[in-house]
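Shared between the two complexes below is subunit A, which has subunit B as its partner in the first and subunit C in the second.
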Partner chain A sequence: MGIDRRTFIQLVTGGVVGSLFTPVIWKSLDDAAIWSQNWSWIPRLKYGQITEQATISKFGPSPCSLMVKSVAGSPYVAKGNADNEMSKGGVDAISAGGAQLLYSPSRVKGPMKKVADGKYESISWDDAEKMLSKKLSAVKGQAGKLAIVSGDATGTSTEVLSAFAAGMGSNDCYLMPGDEQAAAVALENMGGSGQIGYDLENSDFVLLIGADAMNSWGSVVRNQRVYADNRPTGGDIESVYVYAGPFLNSTAAISDKWIPVAPGTGAIFSLGLAYHMLNAGASASVADFADFKTLVMSRFTPDKVEKAIGVAPGVMAGLAKQLMSASAPLVISGSEFGQGAGAVDIIAASALNMLLGRVGEKGGMKLLAELPLAVDSAVSRAELSSRDFAGYLAAVATDKVKAPEVMMAYEANPVYAMPQATTMAAAIAKVPFLVSFSTWMDETASTADLIMPNPHSFERFDDAQTPYGVGTAMLSACAPVIEPLYNGKSTVDVILGVASGLGIDLGYESVEAVLQAKAEKAGADWDSLVEGAAYVSDSTESGSLKFAASVLSKAVIMPKGGEIALAPYAKLNVGSSTMAIPPLNCVTVSKFELQGKDLFVQINGKTAKKLNASEGSKVKLAGAGGECVARVHINEGVMNDVIAAPLGFGHTAWDEFSRGKGDNISKILTVGTEPGTGMAVWTSSFVSVA
Partner chain B sequence: MQQIEFDTKWTMVVDIDKCSGCGSCMVSCQAENNIAPMEDGSNKLKTLTWMLVYELNNGKEFPERESAYLPRPCMQCGNPACVPVCPVVATTKDEEGGIVSQIYPRCIGCRYCMAACPYHARYFGWFDPIWPEGMEKALSPKTSTRPRGVVEKCNFCHTRLMDARARARAEGMDPNKLPDGWYKPACLESCPTGAISFGDSKNPEHKVHDLIKDKNAFRILESIGMDPQVYYISRRDWVREQSDNHLPKDKH
Partner chain C sequence: MEEKRASKQCGGVFPFFIGVLASLVIGWWVFPQVIYSQKTQPIDFSHKVHVEGEGMDCESCHTFMEDGSFAGLPSNEQCAECHEDLLGESKAEETYVNEYLNKDVEVPWLVYQYQPDNVYFSHMAHKGFECTDCHPDVGNSDTLPTYYENRISGYSKQTMKMWQCERCHAEVGTSNACYVCHK
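Let's turn to the complex of A and B:
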């Protein structure tokens, strides 16, 4: 990607040569062909029976159900699984190369222990498990000594990990940051239970505030499919999309309207809209409605909102009117890059859904019931989602909390992917014994004391329940498509074994048994799940929500203005928080994001003038915890005083396809604390530019 | 050269308003067509991307800016510029359906066809294709591998057409009258936003038959008369206007 239209136009050439030849020329050209080609280099193709099998990939920000095509048992291409509700037949740009990722140069081929800085030695699974058991038995029963972080927010594997933590006497089992965290904290504050969901497919007017639904918010592939179905090619638009955010990202590009709004100010935008709705007579029979109304009418008047986020009163009033006159409007809020939003962003957007009467309605915001836990002693999803790993690590970094003795990272790469990455990596470095269960030699595995590789998505049993953002509770599962290529072992099997050695009974003996039990308890049929169907449940939570006006009143802070704000964005083709640029994806990276080893950030012409920068000039960006070097690309799709910057670059581990390319924007994110909820937030990061 | 009219015309229609530029089509194209990964993907003069997603914008300043994505495969032109310039007949347009072939063992790498193609749809293999160790086991049996030194391009996943025809024959149907949806290129199959439609535009039972007549349908550089078999659709005037090499004051 990333060649502008001019290249099409510059080269309108026609018949370059005539077509008269003599046999002499033919002969010499034939020789030339033999000379110029180099056939012996070319690998032979493998032929055999072509089969298709369903699986789930966990490479992207949300699970994707796939059909994998194999030749003589070897997977070679992945396509969508149209029969599965979770991703409705789409494929994300990482999963599309999932078969090739089986042979990624970054795969960890077997268990390893660190012997010296940066050096590893292969060990047997027996020895690895003994080593882990020994470390764990020394901390069993002592709170604060074991921390676990999982990058898999949907798998039952994470349930096993949280149950194991509980059995070990640890309360420190966390998820990697994601939008579900803000949503869970918001829901708690609004007095609701279950999981917030959005019935996108039945909405006729979708307002996305921050939430980059095509790249990083919610169940991305499913969002794309739903969008596609509601806007048939050559047919009428059945669902209008409006995107509000700082950058003309691809969600904005394919929406009917883009409203530029400063990064991290989604709550102010929502409350500014609430003002117009309340003015037009909207209300809700909720206990704290009066407090909410007073708050909005006094602090979020059109002039104050315009001053804070730069959106003109007329635009706000017009949008409020559109929402109120739509038959099934839906407001969704989230971080522009899938992490770091505050609970207030979700509370304020939920307030709009409440004013519009859209909670629990078809095409509206839903409160989805959790599927029953497979492991009794596991932490509920709502509880786990609301836990604050960034806050925990920040406290470890500043010694407010003592570093744990053992930290285990499952499907997670916190050393690279946490906000204010350098600070957080330093916090992790304080942990005496770090265990990585990664499939890949990522940044976390590369500093771990013990690596116990989990098999690749296509080689293992796995499942996925109700990814954040979907409108109904659901469950998918998969069985291996191919025997493990290397000496990996399912993390759940490792944990079950180690747990039983430590006298912790998790109730199961194998990963397959856990997943089957999950399916059974949910009321799903395991066999049809494994064949690729998703189980869908329409059960929802009852009870009404409140506006959480007191939280809003404390937590929404008007920006000072005058600073340069960072608008990070995540694009799936570049990778995800658990996956660096996959080999096949290198050519998909835009030249406006990476050229050679240089990262590009984007600013508009006006901001460039202010910063004295021009196309291609080098800048150094500094946040609270670090610096990044980049070059400038002038893009008029970025708001004034905003720097749009792609996440996913600047890897220091992995392989030649991603290592050393660009810089890691996570380093210059600044982690703050949200007043009123105390959770760590980082969507409002400001940078200095030199 | 006389333009041959076929009874079947395999046609792609891309809805630009729906493409989110996610790149899934490009990745699945590479997997399906055995394009070796390239470490430096930013060297766009050396990379092989049979399917390439371009970024377009309306040229206006903030806040008037709009952008769009345009996936570009080979256009399989009715009147291809590349075919007559090939000195060794390594590229032809003579098969029912109108797909422009590329015969690698015949190609001498002279690159006349590349210079002739106004869509930049043709690529030259500058390097030996090298897969990371073991990754050759994930090669697709559907597309032959190519050495360096030859020109290659999108062929609408031609073997999928052969497979669909074989299936029709096996089921006692006319292989030249495939039902809609039997033949799907890999890019379409992976596109999550449904931006790509595909079929025989001469067959009234195929969706693309009507789509190419949509009031918002257009082709790129239509005025140079190459009669491409790839159409685009956009409701946005500025997107349609950029599709041709016209002067700013030209009116459509």
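Let's turn to the complex of A and C:
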């Protein structure tokens, strides 16, 4: 029997019929369907051992202690570290994306030098360090030739930088502006030492004047945790919150009462309250009490205060009474956006704490002892905090001070984040050699002559000492969670190496050794710190404070009225002075703050009518140093004659997620000088609207 | 003519059955062998030595984290708690210590039951079951089973299919809603 056509067809037909009773077709179809889900471009999960390691992130306005979960050694999520007192298990909105930020397109992948046309060329670390050493060697021993600015107010790294500056013969080592500057200057004028702290968790009545504790003032994440602990959902409310500020921000929204007070008038508000307290018999055994009382009773009477800031005498009297009848009241003053407030605001708020007998008390205002310096030649934290970088740059801008030959920016982005940003950026542009020690290609790195990338928080040793605002001195530290993904190098290691080459002995050979020494000198256990515990010290400064009545007398100026005040605000999800909008946070930006590339500012209906603006209309805001374009959102939670404007937008560097979106409100902040202290201030910024 | 037609009719039925038979043989015997490639584990690991010899149980190495997440396979760090140096004379241990532990390279174990990435599987939620209800009973075995990799889908032969998950959920009264497994 041969195989003819008929046989073949029947054989095949049999084969096909038979195959229907086998798994061939069904299994193949099923597997093909699964295969279609596994094309090479589909992201794959990484498998392996899941581990947890403690670390610190400094992406937000204050350090955050985290636990980083990794799979097979790769971090994938960051969560709060409940065992650490510094942030009490909270995590801020930028640090939460810390694992993803490891792969940010904005990361600087290795040292680079500027070449022609503003372009950058990758160089080796050896070459970068030689280049830096050569420039520094030329200015060594000459005052005014080297300036350093650090964006890390809590790290021992900054101590190393200040010691290096001292070794170079420079007094120009600064911190980026922050509330701690006003507090340090205030404390100096009140005759105190150490660092002002606030025992928020043990207070039963918290009055926040200006200070946006839930977004930008103090140790924000910790503040949020303390608030949650003292006011548990469904539980007993153990602490009453009152907020006095220019608009219904996050802090006002969670407070029991919001009292509208214009930006920059916190001191008048405080002294208005002092009037009622003094009237009710409050006093303090302080040398200049009589002067203070005379000042308050003559210049801050209820009618004068109402005329100046619009708060009715009855409201002030009622609040003063509440404060005086609380068991553990606490008054905190600060800028509405974490920077630019005058010392006088802190002095006036401290005066209230003194009248209430709350200085050095549980739940009150504390004078925290500074932890011992790790580097002997470093500048003390109090002194460094009180130095005025904005004032220095303003003087460089106006040629009152000669621009330094070399400027080094560590974890700082002054080209973008300084007040009156355009003026300050122009001052920085006068510096012949700018070095950026940044993890990110930010605005400062983008204009620097040399970029020496510091590793990401998860890739390095670091520590954080007593963030401004907390009620006890403390120290946290961390070791790398992951090997550096790119060619970064710890800035401290760079500085120690360069210093050694220049004949400056800072006493250590590595960043790890410096941080360990810091822990040891503080009395902390390094291993415990690295495992995520915080060292907490009850040590406080002794001695009493004075009212600094003479400073108050000069520095408190009644507003003229009739102007449009700018009330900038900072939100954690948008970024900080050192970070732009992280990619993952773009979807969290409110449509009332940014739509497409348009920035929105907020005003109430009455102010809108006055300015002839309506919902969505475009306005041009002009300050002393620049202009911003924004659209208007009508919000009745904003005071009359106030424009609430979000910081953190309008980046010109970084990546597609933040570059060119909105405008930078820092441009229209106006830097002034506080009478009595001489420090640069910019909370009272007025704008013209067109 | 008549005879020839009859003969052809008989021959027409026979090839059909030959085709059916050939299909069945290929479909049930050849196809399963062709569709899977066979792979062996990088090291000849004996669970028995660890379970019977050292009194360890599954969770000694395949641990849960404090938060309930499953750590999966042990890392070199965990293995080094005992195997920092050679403990015995087995070739497998020597290979492990010299080729992986000392070189700080994690062992690329082949995992029999990795689920696709679009499946969320919580070991903690299934902690009430015996490990062997779902996994091969390797605890008392001196050798590791051959790993069969599906040439089309790329998954292991032992990877649990969705119908198996659904059937078990139905049997124990757990929801079979999509979002239970697909987050």
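We adopt the following convention: the second predicted complex is superposed on the first by the 648 of 690 C-alpha atoms of A that agree within 3 Å, B and C clash if a C-alpha of one lies under 4 Å from a C-alpha of the other, contacts with A are read in each partner's own complex, and residues count from 1 in each chain.
Definition applied: contacts are C-beta pairs under 8 Å (C-beta built on N, C-alpha and C of every residue); 3 or more make two chains touch, one makes a residue touch a chain.
Just so we're clear, the structure is a prediction, and the values are computed from it rather than from any experiment.
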item: Which superposed partner A:612 touches (first subunit B, second subunit C, both, neither); value: neither
item: Touching partner for A:285 - first (subunit B), second (subunit C), both, neither; value: neither
item: First, second, both or neither for A:96, with subunit B first and subunit C second; value: first
item: Of subunit B and subunit C, the chain that contacts the larger number of subunit A residues; value: B
item: First, second, both or neither for A:327, with subunit B first and subunit C second; value: neither
item: Touching partner for A:49 - first (subunit B), second (subunit C), both, neither; value: second
item: Set intersection of subunit A contacts, subunit C complex versus subunit B complex; value: 1, 3, 7-8, 11-17, 19, 21, 32, 37-38, 42-43, 45, 47-48, 50
item: Subunit A-touching residues of subunit C, taken from the complex the two chains share; value: 8, 11-13, 15-24, 26-28, 31-32, 35, 65, 69-75, 77-78, 106, 111, 114, 116-118, 150, 152-155
item: Parts of subunit A lying in touch with subunit B, wherever the complex brings them together; value: 1-5, 7-9, 11-17, 19, 21, 25-26, 29-30, 32-33, 36-39, 41-43, 45-48, 50, 71, 74-80, 87, 90-94, 96-97, 99-100, 102-105, 214-215, 221, 224-225, 227-229, 231-234, 248, 250-251, 253-254, 258, 260, 485, 571-573, 582-592, 594-596, 604-606, 635-640, 655-657
item: Sites on subunit B touched by subunit A in the complex; value: 13, 15, 17-24, 26-28, 30-32, 34-35, 37-44, 47-49, 52-57, 60-70, 81, 84-85, 87-88, 105-110, 112, 115-116, 118-120, 128-129, 131-141, 144-150, 186, 189-195, 197, 207, 210-211, 214, 220-221, 224, 233, 242, 245
item: Of all residues in subunit A, those that touch subunit C in their complex; value: 1, 3, 6-8, 10-19, 21-24, 27-28, 31-32, 34-35, 37-38, 42-45, 47-52, 69, 72
